[in-house]
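Look at the two complexes coming up: chain A is in both, with chain B in one and chain C in the other.
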Partner chain A sequence: MNALLAVAQIKGPHLDWAGLSPLIALLGGAVTVLLLGLLRNRLVRRICVPLLTMLVLAAAAGLSIWRWHHAATLVSGALRVDDLSLLLGLVAIAAAAACVLLSLRAAAPAVAGEGEYHALLLSTVSGMVVLLAAQNFVTLFLGFELLSIPLYVLCGSELRRRGSLESGLKYLIVGSVGSATLLYGLALIYGATGSTDFSGVAAALSSGSLASDPLLLTGVALTAAGLCFKCSVAPFHQWTPDVYQGAPTPITAFQAVATKAAAFGIFLRLFDGALINAQPSWGPILAALAAITIIVGNVGALGQSSLKRMLAYSSVAQAGYMLGGVLVSTRLGLQATVFYLAIYLFMNMAAFAVIVARERETGEGDDIAGMVGLGSSRPLLAWPMTLAMLSLAGIPATAGFIGKVYLIDALVDGGYAWLAVVLVVGSMISLAYYLRVVAAMWMRPSAGVAGARPIMAGGSAEAPTATRLSGLEVSVVAALFGAATLVFGIVPSPLLSLARDAGKALTGIF
Partner chain B sequence: MIALSLVIWLPLAVSLLAALLPGQWSGRVAAAGSLVTLGFAVSLLFGFDTHVGGLQDVTDKVWIGELGTHYKIGVDGLNLALVLLAALLFAAAFVAAAMREWERPSTFFVWLGLAQSAVFGALLAQDLLLFVAFFDLMLIPFYFLTGGWGGPNRVAATTKLVIYTLVGSLLMLAAAIATGVLAEPSGGHLSFVLSDLRALGLSKGSQEWIFLCFAAAFLVKMPAFPLHAWMPDGYRAMPLPVLAVFSGVLSKVGAYGFLRIVLPLFPQASAHYQTLMLLIALASILYGSVMAFTQTDMRLIVGYSSVAQLGFITLGIFALRPAGAQGAVLQMVNHGLVTAALFFIIGVIAARAGSEDIREMGGIAFRAPVLAALFLIVALATLAMPGSSNFVGEFLILLGAFQAKIVIAIVAFTGVVLASVYALRAFIRAMHNRLGESVESHEIGLRDVVVIAPLVLVILAIALDPQVALIRGQRTVTASISAAQAIVNPPSAAAGVPITTGTPASPGTVSPPAGAAQQLPQRNGGSGPSSSAGSSSGGSGP
Partner chain C sequence: MSATTFGWLILLCPLLGTVVIALAWRWLPGASAGWIATLAIALSFGLSVAALIALLGRHPAHRELSSTLWSYASSVGLDAKLQILVDPLSVFMALVVSGVSTLIHLYSVAYMASDRGYRRYFAYLNYFVFSMLLLVEAANFLLLIVGWAFVGAASYLLISFWYRRRTATAAGIKAFVVNVVGDVGLVLGTYFIFKHLGTLDFLKVFAGVKDAFAPNQGDLVAGCVLLLVGAFAKSAQIPLHTWLPDAMEGPTPVSALIHATTMVTAGVYLIARMHPLFEHAPAAQDVGAIIGCLTLLIAGTIGLAVTDLKRVIAYSTMSQIGYMIMGVSVGAYAAGLFHLMTHAFFKALLFMAAGSLIGAMAGEQSLDRMGGFRKAMPFTYVCFIFGGLALSGVPPFSGFFSKDEVLLLTANQGGWHWILYVGGYLGALLTALYTWRMIFRAFHGEPVPEALELERGTIAHGHPFNPATGEQEDTDVGFPGPEHHTAERAASMRIAMAVLAALALLGGLIQIPHFDNAISNFLRPAFADSSLYDQSPSDTLLVVGLVLGALLGVLGILIAYRVWVQRPGTAERVRRRLAPVHRLFVEKWYFDELYDIVFVRSGAAIGRFAQLSFERVVVNGVLVGGSAGLVRAGSAAVRALQDGLVRVYAALLVFGVAAVALYFLLQSS
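So, the complex of A and B:
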């Protein structure tokens, strides 16, 4: 008996603590934050919990940077921490940090409890880190659920607002369908290839006879559908506008950026890694989905007056652009997708930070009317928003332009020139709604005065407090990410070289 | 020798600095900065070595290594004149704008500075992606300038303007990337530098769709006939100093794009679509002229006349003959000067008549002879009066067109006649006739003279000596059309029937186009390299 135990101990997997360190920091931090949140003292909860969360995120970010260029396979090949997972993990961590800052004076953490709110946020991020590093179907699904379940709760965390609850419930139901589809697909791929490891699947596919196996193709289709739910690729995107609109805005900002990074990260790993030999089968189908997504997202955004809904549809369209980078299955496509995910962080965070500020300052909610006259009344908020909108539209001198150039480059290079044209047509449509926001901010000052007056007049005593409520940290987030949008639009090389490092992570592609 | 980068970025830098100053001062500092930029641009002219064929003052640095994009800028005979034109018109616009009151003046001048930097960048860029980036960027400041400081209905107008032009630009972006990727030699590395792309060449099939995308972008910007629908609203909404540079410079960047990018990189497609482009040019000439003499809004008269004039420029470019292309470059400069001056004059007249509608003007000349004289000079230049530089330009353009497609040239001639109709109509209705009801005529003020008189002086100077604009461009312009010309007009035919040398000789004796006569020997010299380049590419063709 003792001998058996000894053998078991020896055969236990070797743990590379250094490689796991970012994940450990996040999970340990989540537990600590949860416990700290149990303290009675309101001051501790209000200040120490967010502060500790920021420290945990900073530690995770620092450890990730420390592991840069130290690619390692961990836990018996279940996880692989390499530059791809680290870079996208850093995107998620940065999004979470911005979310913490935007939540400082938000209603959601106060209602749901600071400890719980921030602990859930940290566990979502750790789910993303697991998902990004997944090397077999089990860890993939584990990460996927660890990402999703806390996020369902966070979307519904503003307990007293119907919209938030509705958003959480919708996300839960649609997300569960997505997870089930994904699980079914993974099971079928396992059935066809006899392996749950990515490397095993790739090896089974490389023999060539499997590529047209119906079992495998069904499995791939269901897996793709499951991931498309998460990336909000049409026609699996219907939940996006409702969930984005209903969720507390900081959470919307976080999930718009981080969930996309994680879901596209695993998309890249699975489809451009394990399933790359079946690319002729799934490539054209994903291309069709990407084209539909680009059109549906951009056309859907046209009629929206709620900025969160508009950005939701815009995120659908952007998912279509990025899917293009995935489906060409080239190193260039991989780098372009990773680069776009990174700049997507900047432009979306800047936009959502401004929306958070305006929600608190005006009675308009996230309606576009809240932006009217911002250019003359709050230029420091109007500039980041302008940069974000121009960048999302892909105007030169913003990061979005470089991102689009890179994606088009990858598409043409990969033989999907027609999809590049669809992307361009989509960008043209998108101009109409992005520029509407810009026009509202800069070109309707008279209407802005008229629109703002009732609120000022109705609560002139409240008006100054309302302005103070939006807080310095929100402006800082907006300015920081807005500036990044501009800087990486002019000097993209540092970010491009990071994306190139990340692109080296997958070895099976050219 | 000053670096070209300084010329590009100085306007933006100065206007950003000026934005830190209080209200009135930001305009003055920005205007002073634009004069300094003009000085640098003029020094480029004097530093330019006429005997060197290729680029000068080249700066070449890697911008985005992953995308094979370089920050490569350089000046040659093709863009030198346009850079000068842009510097002059922007200086005039800055000075004019600085003497007016604006809401949020510092933001206004930042946008104007960015506009100038972007225009310089587009004109000087020698890398395809860099050009596209500057070309698209150029539009953004005008979007804000029109939308923020424009006249009635400005938001709708500016949105229309941006969507029209960016639709073209985005197609161009896709086409530009396709050019780089498709031209990439297998095993080689991606490069968007124009000289590399030119050496590599594309298959005829890819050239054709890429050509159409580029043409869409440039024709919208000009604007040419079927793609001009943004123009009337946009022109009515823009503030006048902004409109002067927009109409004077930005439209030329479109025409310049044909000469810089399209003809050298896609010669086979240019030859293939030559007739289509000539017909578009012809349609623009006729439509623009007819519309110009039926409009009553002064801005639209000038706007539609620009459509016609840019039709002439397109005609000259796509004649694919050295004479036509040189005429086109000269005419770009002429037209830029004339339109900008006209828009400033419209501002002065409108201040007296209380309206920009010619039906409410009249009789202004009686009390304002200096204004009338300035207006008359500009109007006569617009209608290409013999003796004006515009005459030389149109003459060369039509000469090229005659060599290419005689029928189209004959029809295009009517455009010259129509030009005198609309230019004189506008002048007479505004300055002569009975005094308009609400017209309060008085002489032009010093502030306006400061802006308009230099432009008129330059118009007169070029009229006296069009060589100034022509001579430096000859070699480059001829080289940029040589590849396409060789396809349309194979060198064997050119050698057998010496069209390029024979035909200009006879009009040269007609004497008025002094410039055309003087440049004859030089053009003959220039056609030497062109025919040799033509024979080499002609040899590789079959």
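So, the complex of A and C:
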């Protein structure tokens, strides 16, 4: 018996339960939600499961706020919970909460099963939290996959709609290539530096001439490509429009915001942390990628009539802007990127919420035709959409303007003024498609709602056609995030100070 | 509460008024919108008085208070703050602006009663007052520019208030364009100062100006002259004055509020506020003084010749602001601001009385068609007399004290300033002449049919028409309403005018040389760093000036009486003998024609040429066509790659990875 006990005393790492608490809440919540979803009672499934999910998210958010300013390295240096990971984690949690609200009457959870749907959502968020805090390659990849796999399923969760299934499958296949690339890259870096820890990699790079080692640089190239894939940076963006368009709209909204926050978070940690000493090597190529991304995203969005597709290309362009903040490797760039990720939540969520509402109210799906005359018929939906579009375009008095100013400031300060010019030109092009939406809402008379056929949420043709109004919660999400877009455009200082705190998390940059 | 709290609340009241009326206009019955607006401004005035009391309770050395509500962006290299400065100067301006505005709102409640755009009118009017108060309370250049531009926008909205009237919209556009020229000047001037001092905060700029610039240094002079461009555009000084007479297309209370008492004095305020800059750049001061003197003379001569009642008063306004600009440009800050205050009283009074008279004429504004209203409109007549006496500078009316003080301090500068001094007194004679020409032509002589009708108890009601062109109109929204109002019949108009008449009579008494210097004592803390503030000119000069001013005023009235009342044909004879001069005055010294040739026509010619040669070929063909084609082709290419096949995506991904990896490998070797 004693011998058995001695064997059982495995030497485990010290666990800082407080630091891990947001993650534990999310993972525990996922399991509980899954179990709760097994109950066959309709009330439980329809009401209690989303409610519990919201509670779990609220708990995670509360715990994250509790850990604010308590930076800690956890699990033998595998994770680091600091203001950077907490802030971006909060962005992901907020996006998930909005997604739950938008899904309340959507087709996807009903078809896929409420418990599964919400449990997958919580798993994805926990993957993001892990990824954001990752301090070595193993946790990085663990978080990356924990983020990705539930998301593949969620994209295909509207089982009876071909578009959704296609989206999920495409995401899975192309995503696997991306993951493989990333893993290969991480392995090569390990091979070159002999360390899987970020700190070990940084130490290896700071001493000696490793910075121009072919093995390392190939590894960096593959890693960058893998992360660029997740951030939808061109030329690795191809999946984005198809997946965004096909996925259930609440999921599209969630992944547009949260995946970006998580992927850029780890981009910042890895490239501006561990690989900072190789910046002269990877800076220029990332700048080239950013420029291509800005052009491809903005140009590609021009001819789109599907709003989800348009926003997908727009998100490609915005990824290009944010990549600019990463590649300058300065504290200013870091803050600008974090700030932009935070406001990206507001403007995208507002826009997607309006799309969800219009999908349910009209038979137009997410086509821009569904927006015609919205200004006069549904001003409470038209205003958030207008604010979101203006903010994405970077018009003053919206948060997007401040975000762009910060990014441009960081680029010029970091010696990439030419990329700032590309950013501005890209924004100019982007006006063409953002303002098209605004014009459709305000400047064209409503074509008569009588002609539109009301159909089931998500545009599922198989579902029984029944008149459904979009519901209060969707309008609330749209109004809330639209208002935030405006408020943080006028009073940006609270958010700026949060971004500044998050910017202090990385120590190797100036 | 501290003075700065009052400062914020002063701004809040009109803003709330605007928002409430603009959002809830549908549910505001009858005249309630007008009363809400009036109440908002009256509250602002009360709060200004409270700020005054709070300020007076402090030690004179601590009367410059600045307060920041929030920072918009302080880390992008400049300190953009929502920040107000409460000091004697801004409180003085707030008192004048909100006080006169309250009376004009009160007047408008009756005057605009039948207009279909009644509620829109008061929303605009409150918005204007908010902008003007923002302008005078701003504590940094950024907020000043915001207020400056807001005021211009409000002015545009109100000039074009009757938006179906072609002449009104044209006048609004003209005013806006000229004002934007001024805005550009202000922004560029700010840039010159920001470039050297690195801050936009007034107090920091004023404290640092002596270290950052040598006296009369090129950049400072350039900055100050550019600020002057802004001041000239807002204050209708030559050469940016042409919009003001046209702005009389707006409703008469608007002319009284914006184009006589508040917005047009913004330039005077700006120079007084920027006095540390201007005193460090005397060259710019000289520009201001000369332009002010030129304006007061030229505007005075035009005022003698034009026959449109409101335009006579408009040119008079230009001329009087010339005095103020001259005053603050030679360091006579208290005198210039004192004149600003008294002018606000008597000019608002004159405009209100003119509105009443125009009401009696059913919209007609031409002096040629007026006459003999003395018996029909006794109250309006008395108001005109009060305003006219104050404007001509007859003791003991308010204009007497303020104008002479400006001129006295101008002479005290010595040298070529004596020319300005003489010009100023020449202008005083002109002022008395054109003012009393207007009064005698409108109120004396044979009564016109409208006057007789009014004596019988009915207001003339013809077909509605445009007074400038005679075009037929209707009375729906976008045109003036069907009813006309005179002070004799509307109590609220009468109250507003009576208060102003009393102020026109007594307003000058608060600053009598050697007796009480209330205004200069109150303003002294704001000008503590000025070397020109406390000048003591000789008493001889003072007495000579006062006597001369009074004599010239009375002389002008007497000449006017002889020419237009005793011998009615005299004016015609003079006009015939001096035909070219008269023509010059009637055509407003050909400024409009000059601008038409220099800017409009030559601009249009260049534009046509550029369109034919450059635009069609280079811009439309190569740039627009080319770039649009490029973007379109790019868009097509991006979409062509996006064919939905996963294998293509994967292939592209691999190619991308290969390209990136290749780059890195090339780097390493």
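Simple rule for what comes next: the second predicted complex is superposed on the first by the 475 of 510 C-alpha atoms of A that agree within 3 Å, B and C clash if a C-alpha of one lies under 4 Å from a C-alpha of the other, contacts with A are read in each partner's own complex, and residues count from 1 in each chain.
The definition used in the following text is that a contact is a pair of C-beta atoms (placed from the backbone, for glycine too) under 8 Å apart; a residue touches a chain by one contact, two chains touch by 3 or more.
Everything numeric here is computed off the predicted structure, so don't read it as measured data.
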{"item": "Touching partner for A:406 - first (chain B), second (chain C), both, neither", "value": "both"}
{"item": "Partner chain in contact with A:488 - chain B first, chain C second, else both or neither", "value": "neither"}
{"item": "First, second, both or neither for A:190, with chain B first and chain C second", "value": "neither"}
{"item": "First (chain B), second (chain C), both or neither touched by A:178", "value": "second"}
{"item": "First (chain B), second (chain C), both or neither touched by A:170", "value": "second"}
{"item": "Chain B versus chain C as contact partner of A:225, first or second or both or neither", "value": "second"}
{"item": "Which of chain B and chain C A:238 touches, first, second, both or neither", "value": "second"}
{"item": "Chain B versus chain C as contact partner of A:212, first or second or both or neither", "value": "second"}
{"item": "Chain B versus chain C as contact partner of A:285, first or second or both or neither", "value": "second"}
{"item": "Overlap of chain C and chain B interfaces on chain A (superposed complexes)", "value": "402, 405-406, 409, 492-493, 496"}
{"item": "Contacting residues of chain A [partner chain C, same complex]", "value": "169-170, 173-174, 177-178, 181, 212-214, 217-218, 220-222, 224-225, 229, 235-236, 238-239, 241-242, 281-282, 285, 289, 295-296, 299-300, 302-303, 402, 405-406, 409, 429, 490-493, 496"}
{"item": "Of all residues in chain C, those that touch chain A in their complex", "value": "70-77, 631-632, 634-636, 638-639, 641-642, 644, 646, 648-650, 652-657, 659-661, 663-665, 667-669"}
{"item": "Touching residues (chain side chain A, partner chain B) in the complex", "value": "335, 375-376, 390, 394-397, 401-402, 404-406, 408-409, 412-413, 417, 420-421, 423-424, 427-428, 431-432, 435-436, 439, 442-445, 492-493, 496-497, 500"}
{"item": "Complex contacts: residues of chain B adjacent to chain A", "value": "63-67, 103-104, 107, 129, 132-134, 136-137, 140, 143-144, 147-148, 154-155, 158-159, 162-163, 166-167, 170-171, 173-174, 177-178, 180-182, 190"}
